[in-house]
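Take a look at this one; I'll ask things after.
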Amino acid sequence: MSLLSLKHLTKTFESAAGPVHAVRDVSLDVAQGECLAIVGESGSGKTTLANMILGILGQTSGEVIFNGSLLSAKRTPDQRRNIQLVQQNPLSSLNPKRSVGASVRLGLDTYRIGEKAERWQTVENALEAVGLPAEMRKRAPAALSGGQRQRVGIARALACEPELLVLDEPTSALDVLVQARVLRLLNELRAERGLTYVFITHDLAVVRNIADRVAVFQNGQLVESGTTEQIFTQPKDKYTRNLIGAVPVVDLDEMALRDKLAETT
Amino acid sequence: MIRAFRILAANPLSMVGVILVALVVLAAIFAPWIAPFPTHNGSVVDFAFANRAPSARNWMGTDLVGRDIFSRILYAYQISLVLGVVVLAIAAPVGTIFGLLAGYLGGWTESILMRIVDVFLSIPPLVLAIAMMGVLEPTLTNAMLAVTVMWWPWYARLVYAIARSEREEGYVLAAEVIGAPTSHIAFREILPNCLPAIITKMTLDMGFVIIIASSLSFLGLGVQPPTPDLGSMVAEGARYLPDSWWLTVFPGLAILIAVFGFNLMGDGLREVLGVDE
Amino acid sequence: MSTLLDIKDLHLGFKGLSGLNKVLHGISLSIEQGERVALVGESGSGKSVTARIVLGLLQETRSARISGEVTFDGNDITAMRPKMRASLRGTDMSMIFQDPTSSLNPSFTIGRQFAEVLRRRDVSLSDQDCTERATKMLEEVSIPDPVRVLNAYAFQLSGGMNQRVMIAMALANRPKLLLADEPGTALDVSVQAQTLSLMRNLVADHGTAVLFISHNLGVVREFADRVYVIYRGNIVEDGPTQALFSNPRHAYTRALMSAVPRITGAGLPEVPEVSEDFLAPQISHGSTI
């Protein structure tokens, strides 16, 4: 049974220029323990989809089913706790007026995880699990680098002990070397804790190296989905092919793959 | 803290502000010990020394019934500061709560709360205070009440604007996704980000509250004699200008120093706390 | 081929409350006429401030302490009077930025902004002249309906369109040097690819030299003739693109190269975020000649 199931999910916004179909009739399954990448350019509807999964946005029609239960607009504490978010912007996602530790502790206090007296220790363990020193819990976000802040964001999400993590462009705002470390960290954490990821990004090269399955979106619609291997070696849809072909590549093997895909158009 | 001091020190004017405020506050606190004529804050008369120009005995001269003006100014500072502190201690929290809830919760809460705020803001502040004082007995307590009623909406507006913009920030979204209760998000997440602006405004407001209160007493609507009050002192002496100039000039300067000091200090605080314009 | 831009031993520091904050520790780079040179580094490396010094923008900042030689077309930029420096901007030197929509003035039409740009070179141009030249430039950047675009405002056009408009405006006065600060980063991948290819062709046609600032190695490989890698205010490696990419020698360059994910699925190697080796001295691959 899938951990998360989206059935005919649709979201339409009313605007001055007429209805905007942000997400159109999307059906997807995410298996327990896998990393599903949601790929698309701007306007593809991927963020709207993420917001519906997280329960911050209600759908116009369709169903979101988690662990066999239908999720409604008002989520139970358990449902809310089990689906957490890692945001794109490390700076804005941490409260500048609260210590890093206080931000990480929020989930523990909200769900009364562990004894109150032990929670700071849990926070310190959480920080160490993402590669940060325990003492960092007393510091303000402004004193941390982008990569460190992003790790704090990950620690905060994991403090709730969720089953599913929605990651919305988690490394797009990070430098090259920092991105590499954080991606490895995310991979390790997923394996260690048996987490399930819905990984949203526009970066196909990242997708190739982190996802088990890929869902390609364009204009709110699911264009193509399959295993990572399938999508990158035998993409069926022209849009997918063009997307892969547009990635600026660094080494000769990549260039060969791109040329091969261009040929089959 | 060291960084805060460095920023303040880099701007000489704000240092001036801090010093002036310190002088005013110390004068007010230690008035009974510093004042050469501590009894002169009450209904004392000494016609032998009435209406004297500044001298060695009375540094700022005496008033029409012979009381030492310097001593009365020190006690008047007590009144002004108490008034300022009480007004702000009530107006700021009340306004903040209105603005915070309206700004974060939005919807009906926002509409209703901010409409109430708008009603109060639509009445010119001094007119409101004068109207209230016209109806109520002119005492210090009522003067404080009147000024508080006209002051709180400005805090509501300020905090509303900040809360509205903060609610779009990532950390608010994070708290919502985690499922933290609304009260936590409003008071433990958003409010701390409003505090620098609130504190800066309170400092700047001290000066303005003193002016408003002085204006009320100048019109005879505030504190009544024999309690010393800067505004009343200016009013009493105004008729005797330019002959007995000291009756007006020294209380006037006292107001100026207090207001100027709080203003400069508030500007400095704005920089230290990093408040945007 | 003569050297268009020559930077020798450039140092930059900012005077702050707690002393001098050094950003550039003596960098040197050169660009020949018509050459496309990339300056690659992560955030905080000093790549953006270098461009601002070349443009003469940073010299006006009170807290900036600059030393070293920056020679453009035979003239020393740092020794120049501010007015002379300013006159180079928009004429012999121009710059395009990361986010096209926010770099364009929202209150004026594209046509109006174009006219302003064109008049920097020649104040006497009539409105009609400006419209004609602007239309020609927009056609060069493959904008199908130049008239509509000239009458539009930046917020009415897409990001990709605005990027082309910015390129058109930057090249309108036939500058000798174009500085591009992370162009296309704010755009979708497919649009970015088109825009870069367009830019490459245009600068080749006009013989414009380019200083291309980026953190994206793939984009650099596709666009630049020569590359300088900058780390924390020091150039650590430089050379022709081919040579540098096929054989990166400095520890930092090697780290960057292995950190970039590949679409071939080579995996995520273990890469150090910081290392003593990154501070090793500069390695040069020589020039193309």
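Letters A, B and C name the chains as they come in the text, with residue numbers starting at 1 for each one.
In this section, contacts are C-beta pairs under 8 Å (C-beta built on N, C-alpha and C of every residue); 3 or more make two chains touch, one makes a residue touch a chain.
This one's a predicted model, so the numbers in the text were calculated from it and none came from an experiment.
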Mutual neighbours - chains that touch subunit A and subunit C alike: B
Most distant chain from subunit C by Cα centroid: B
Distance from the mean Cα position of subunit C to that of subunit A, given in whole angstrom: 32
Distance between the centres, which are taken as Cα means, of subunit B and subunit A, whole angstrom: 50
Contact set on subunit C toward subunit B in their complex: 17
Contact footprint of subunit A on subunit B as seen in their complex: 169-171, 173-181, 184, 188-189, 192-193, 195
Residues of subunit A defined as touching subunit C within the complex: 41-42, 146-147, 175-181, 183-184, 187, 202-206, 208-210, 228-229, 232, 242-251, 253-254, 257-258
Subunit A residues within the subunit B interface of the complex: 54, 56, 75, 77, 80-81, 84-85, 87, 89, 91-98, 103, 106-107, 110-111, 153, 156, 160
Subunit B residues touching subunit C - in the complex, by the definition given at the top: 3, 6-7, 10
